[in-house]
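Next come two complexes built around subunit A: one with subunit B, the other with subunit C.
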Partner chain A sequence: MPDSVKLTIDGHEVQAAPGTLVIDAAKQAGIEIPAFCYYEGLTLQAACRMCLVEVEKMPKLQAACTLPVAEGMIVRTETSQVATARKYTLEFLLTNHPLDCPVCDKGGECELQDMVFRYGAGESRFTEIKIHTPEKQYSPVVYFDAPRCILCFRCVRICNEGMGVGALGVINRGAVSEIAPNVGDHLECDECGACVDICPVGALTSGAYRYQTRPWEMTHVGTICTHCADGCKTTLGTRNDRILRGNNRDHSGINGEFLCVKGRYAYDFYDHPDRLQAPLVRVNRKLEETSWAQALETVAKKFNETLAGGGSFGVIGSNHTTNEENFYLQKFAREVLGTNHIDHHRTGDVVTLLDALSGQQDKLATVADLYQRKAILVVGADLAIEHPLLSYQIRANYRHHQARIYVVTPGPVREDNYAAASVRGHEYESLREKLKVEPELVILFDDSVKGDGVRKLVDFGESLGIPVKYICLVDYSNSRGAVDMGLTPELLPGYHPAGQPGMHAQEMLAADLNVLWVVGSNPLKAGASRKAGFLLVQDMFLTETAQQADVVLPAACAYEKIGTVTNVTGEVQRLKRGVNTMGAKPDLEIMGFIAREMGVAAKLGPWAPEIVFEEIRKTVRGYQIPLPVIATGGAAQTMPVNGRIPVEVPSGLVRSDHNGLFDSGTLGRYSKVLNSVIESRLSR
Partner chain B sequence: MLYNEPSPLETRVLSRRFGMPNSASIDTYLATDGYKAFLKARGMKPEEIIEEVKISNLRGRGGAGFPTGMKWSFVPRNSPKPKYIVVNADESEPGTCKDRLLMEYDPHQLIEGVLIAALSVDAHAGWIYIRGEYRYLIEIMDKALNEAYHKGWLGKNIQGTGFDFDLYTHSGAGAYECGEESALLESLEGKRGIPRIRPPFPAVVGAFQCPTILNNVETYCAVPAIIRDGGKAFADLGVPKAGGTKLTCLTGHVNKPGVYELTLGFPVMKMINEVGGGVRNGKKLKAFIPGGSSCPILTGEECQDATMDYDSMAARKSMLGSGGVVVMDEDTCMVKAALRIMRFYAHESCGWCIPCREGTTWLRKILTRFHEGQGTRSDIDLIGDLSKNMLGRTFCPLGDAAALPTISIVEKFRQEFEDHLNGRPCPFEHAGHMVTV
Partner chain C sequence: MIPMLLYAQDEVGHVSDELIEEIARRVGVTPLQVNEVLTYYSMLHRKPLGKYHVQICTNISCLLWDADKLWEQACHKLGIGHKEATGDGQISLEEVECIGACSWAPAVQVNYDFHHFVTSEKLDQLLDGLRKKQ
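Moving on to the complex of A and B:
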């Protein structure tokens, strides 16, 4: 087979690989062939007939979306015959399409609107009665307006192929065909909203966004989802300091077009009525609202007194706060408060993995690797539920590249449907012979593999004699960054040993510390009582931990601040501020203000995120990443620590929350959408 | 259904057992040279079987008329995948009712034809996809299959020849679209009946992604005769490029409607006047559909020297089609005929592609309104214009099937549309009867 074929499209000579479709070859040459049903990465349909082109020596117009290029082919995309065909197709489409564009959510970013504007006729000859059916609700987040539907079947395909769910299908026939749930009258699905996102018209609309705004009235802010550790880019559509929509509009970022229910809808915790908007200070055993100045003074006074009296401090950080905040917090703890009692909720044994891989290069997989590598081994985790993006990447890899997927999980998982082999339990050894003949492999493991288990798994991987990369699964948006930034009693930023290790989180909660400082975490959620003499909590909500605090400082959420986060695969991405919530401040600013109030600000340096990040880049191993990459919305992977980590980390502390699709730790409780989805399932 | 009186002008090859007592039973079949062709074919090489079918000039009887031998030769016999035989018994073309007789009165002839096709590509399993409305035929076919299994003409080691073949019936669910071969395969696989993107064609990637021979019932039924008597004998019955006989379903305004087996190249007027006993009530012939409602309609004049074969019909810009002949007399309202045809296609459009889905429905609405007397002069051009712009732009031939007859009616009977504007609502209402398609 030749490497490339030459063809002519609209007089331009185009070179394309054999098998390339004419529609793609034209795109490479900068020629747009309009289409509704053609969608890159999904199965071909040739249903919409918009992409018909003239091909020399072929009697009829040909669908460019299913026609492979051939040597010497002469294609014309702008002849009068083609223009007529497009005009008629659009006229046919508009016969039953309601012209409710003025109130349609999609108006302004509707592909049908754009096509009619470019290729359509000025007026319609259709004078009959249109088919009308009432709007239906398929789930808390998916509504369907059948008359607007142009039946391109993108939603059916993205649900079936992209998500591996297959909740949507087609009922009826001919002009009364309708997109409908495959089971009953509701969607049995992940509620990811991909069907809404992929709909070229306003047929599928979002329960969270519908009738809120016109698209052009919004400002679009590309930031990173704050829920799980996968680090999807989500573009917030904001207006007047309110987030109206989450989607990944330009398909940039490591997730492309993918978002799960959390990334697309669960931004809504930010304006929950329980959101704290003023500092609280305990007066006469009750928490009472006060001013920032008063609250900071109380905290600074207490901190300085405790320092002067040689008292003990403990600090518990967060899985959600930015790298800058985590770095500043540990610096605060170690350099100002003079303690190694600093920890966070560890959700995966990253430390042991990095140690086991010491001395080796290029051993940590990226999100992109899951789409490109020829074989994948999943140990422990139910990826489709806990790490939807990683699951999506693997599924796409299987569909597009026929990757071999191996699964070792305690129970059945979605990956079983296309796995080359599934093993129930924890024993991956039986797959050795199959894995040995693979050209390469990525191994993912969750918290069921920790401590010596990680070393055993790495030994297994390295004994296969093929290139192997690893991913240690962690739970939250900056779980990986928290370890990298030294939020542990044993390790400093960049995995340097911390000298005399301090107490870990459970020990701190049980100890009689003078001061316990909790930033963005809820360690007392199980209902334990605080032991510390003074409890300072920075949080968005009055969590179980905050309810026991002496001072609660209202914190901004990830969508209200700037900074960087590091995802499960060690890829650093930048948060951008979408909205502001009155009264709440970013944790970094709060810490800076405490330092200033204490008179130690000079010791810690400026608390501007950009400046702290510069310090991180200079001082933290692995974070010497190119700024332009993340500044332009890209992801840069941190380099693994290339040496032993001479510290024994108690692996018993590693415990994943195993959040499902619709929970997200404490944060998830404050999302209306997640709650409504959970309720709708309970009421079935 | 009662079989109609045979005509002396028929050439009964496929229908030779019609009317025999117990013609559907295997005993009758075996007593009348049944399964002999299979045994003969078992002694032939696969390429010899295909060659014989090529010599016979047998062309697909479902409507498209593709040479059968050539279709079989496209199956990659060295493919490691299993090969399958699928029978298209989803007879739904309006006016067509021949396959039901072939299955009702001579089911074993079909089974034998399938077995010979299986020998030619080394297939060991097949399905007969029967339209859901033919429920009673599924029972007849199942009974015949049971008999064949019982007597060792299906199953393992058929008649000690070492050849294994399993054949099953599969019910359609009431979609015209599933008569299109790739939609049929989708439906057979348990999916929604929508056509596939071709290429690849079923011969290479067919049922369950395996190479598949897919033909109409009548096509398979012709095969035993071809093997038994030789391809040449069959070819000689017809015209140079199309061999054998065609079961013609003579319907509409004729005195003796029915299914008649006529040689290819049979003159149209002789068929209407002598086989069919002439136009009913001595009326004049106004219009003629040669092979199912998908074919462009012919006027009475165009029929005068026409013959029932592929070339003669192609010369008149129509098609031989499936054999569903519809005769319309001078009292027929052609607007209503166009409406009836369009109602069928709008109802049967699968909804997959835009021009067919929306175009047929739009045309149905215009024609309904027009026939009710609410038409305007511009509607006449609009009907023709929309049909022409549906033609050749749809995903499968269903859109063409809706467009072709409509275009021909508007072009050839435009005056009747004009008359509707003057004699509202319909100048033919007084005639008291309408063509039923």
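Moving on to the complex of A and C:
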């Protein structure tokens, strides 16, 4: 078979690999062939007849979406015959499609509308009455309006193939065909909303977004989802400081168009009625609202008094706050408060992995590697539930490249359906012979592998004699960044030893500290009482920890601030501000204000995210990443530490929350969508 | 899957929810996928039919021999319509497309048996017979 085939499309000579479809070859040459049912990455359907093109020496028009290129083929995509055919196709699609564009959510970004504008099917020869059926609600997030459906089956295929769920099907035949959910009259699925986004028309609409706005009235802000650690880009549609939808239709970011229910819908915690919008100070045992000035003065006074009296401080940071905030917080703790009592909730043993890989290059996999590498080994985690993007990448890799997937998990997982081998339990040793003959491998492991377990797993990987890359799974949007930025008592930013290690989070909670400062974390979730003399909490909500605080400062969420976060694979991406919420301030600004009030701002430097990030780039090992990459919305992987980490880190502290698709730690409680979908009730 | 659905329908009388579950399990697909197939084919039924399912062809060849009048006669006589069954569950009616018996039009099919050159009288007798038949 030749390496490439030469053909002519609209007079341009085009080279394409054998087997390439004409529609793809044309796209490579910058020629758009319109199509509804064809969708890159999904199986072929050839249902809509929109992509018809003229091919010389072929008697009839051909569907470009299923026609492979051939040597010497001459294709014409915009002749009057083609235009007429497309016009008739549109007239046919419109026979029962309601002309309710002015009230349809899709109006303005509808592929059918665009095509009708291009080819014009203003008149219809059909005079029969259109069949109207009422719209149906398939779940809190998915609505179906049958008359608008043009039966392209994109939704069915993305659900079957992309998600591996198969919750949508098409029932009946001919003119009465319709998209049907998997359980009677409703959906029981991942509730990811991919079907809604992929719909070329307004047949599937989003429960959150429907009838809220017109697409052109929104500002589209590409930022990073603040829930799990996968770091999906979500494009927030905002208007008047309200988030109206999340999607990623421009396929930007490491996730392409993929988003799970959290990225697409669970931004809705930001306007929860319980959201704190004014500082709270404890007066006569009760938390009372006060002004920022008053609250900051109280905190600064207490901090300065404690410092002057030689009192003790403890600081607990967050898995959700930005790198800049984490860096600034640890700097504050170590340089101003003079303490190494700083920690966060560790959800994966990143430290031991980096130590075990010291001296080696190119050992940390990226999200893209999961789509490209020839073999994947998953140890412990139920990826489809806990890390939906990673699961999606592996599934796409299997579908497109026939990657071999190996699974070692305690229970059945979605990956079993296409795994080359599934092992129940924790023992991966039995896969040695199979893995040895693979050309390359990516190993993912969760918190069931920690401490010596990580070293054992790395030894196993390195003994296979093939290139192996690793991913240590962590829980939250900046879990990885928190440990990189030194929110640990034993390590400084960049994994330098911190000298005399301070107390861990649990030790701090149990100790009689004079001041405990908790930023974006809920360590007293289980109901323990605070021990510290003074408790300062920065949070969005009055969590169990905040309820016990002396001062609570209302914090902005990830969608209300700028900064960077580092995802599970160590890829750094930028947050963009989508909305402003009155009263709440970004944690970085709050810390800066405390520093200013204390009179130590000069010591800590400016609290502008860009300036703090510059300092991170200059001083934190691994963060010398190219600025243009992240400034333009890309992801840059931090470089490996590449040296031993000469401290003992107790692996017992590593504990994952194993959040499912509909959980997101404390934050998840405040999302209406996550609590309203039927599956969240079924799974609890 | 299609033969399995047909055999099962012959046994049970219609394709019930339990049948869908069972066939999905045996074939190794989801119940939704079984539903996709079975709703596509008009000879697979989700609702219980009569013991004797009377299918009257009203396609072109039969129509030329007044099959539409036969259809109306049957509806009137039994007091039921398309895809409906009599109260006692003995007989159900369906207006079908071509059943491949054009040479002997008008044709009527009862379960798997064909009746050729059906006239108004023959249809009367046929239905009367089915009412009493065990």
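Definition applied: the second predicted complex is superposed on the first by the 677 of 684 C-alpha atoms of A that agree within 3 Å, B and C clash if a C-alpha of one lies under 4 Å from a C-alpha of the other, contacts with A are read in each partner's own complex, and residues count from 1 in each chain.
Rule of thumb we're sticking to: a contact is a pair of C-beta atoms (placed from the backbone, for glycine too) under 8 Å apart; a residue touches a chain by one contact, two chains touch by 3 or more.
In this text, all values refer to a predicted model and were calculated from it rather than measured experimentally.
Once the two complexes are overlaid on the shared chain, A:Ala555 sits clear of subunit B and of subunit C alike. Contacts of A:Ala180 after superposition: subunit C is touched, whereas subunit B is not reached. Of the two partner chains placed by the overlay, neither subunit B nor subunit C lies in contact with A:Leu364. In the superposition on chain A, A:Leu93 makes contact with subunit B only, while subunit C stays out of contact range. In the superposed three-chain model, the partner touching more residues of subunit A is B, compared with the other of subunit B and subunit C. Contact with neither subunit B nor subunit C is seen for A:Leu244 once the two complexes are overlaid on the shared chain.
When the two complexes are overlaid on their common chain A, residue A:Ala47 makes contact with subunit B while staying clear of subunit C. In the superposed model, A:Leu674 lies in contact with neither subunit B nor subunit C.
Of the two partner chains placed around the shared chain by superposition, subunit B and subunit C are both touched by A:Asn172. According to the touch criterion, the shared surface of subunit A, contacted by subunit B in one complex and subunit C in the other, consists of residues 169-170, 172-173.
Contacts from subunit C toward subunit A in the complex involve residues 30-33, 35-36, 39-40, 42. Subunit A contributes residues 166-173, 180-182 to its touches with subunit C in the complex. Only residues 175, 177, 192, 197, 346-355, 357-362, 365-366, 369, 382, 386, 389-390, 392-395 of subunit B touch subunit A when the two sit together in their complex.
Contacts from subunit A toward subunit B in the complex involve residues 44-50, 52, 60-61, 63, 66, 84-85, 88-89, 92-93, 95-96, 125-126, 128-129, 131, 150-151, 169-170, 172-177.
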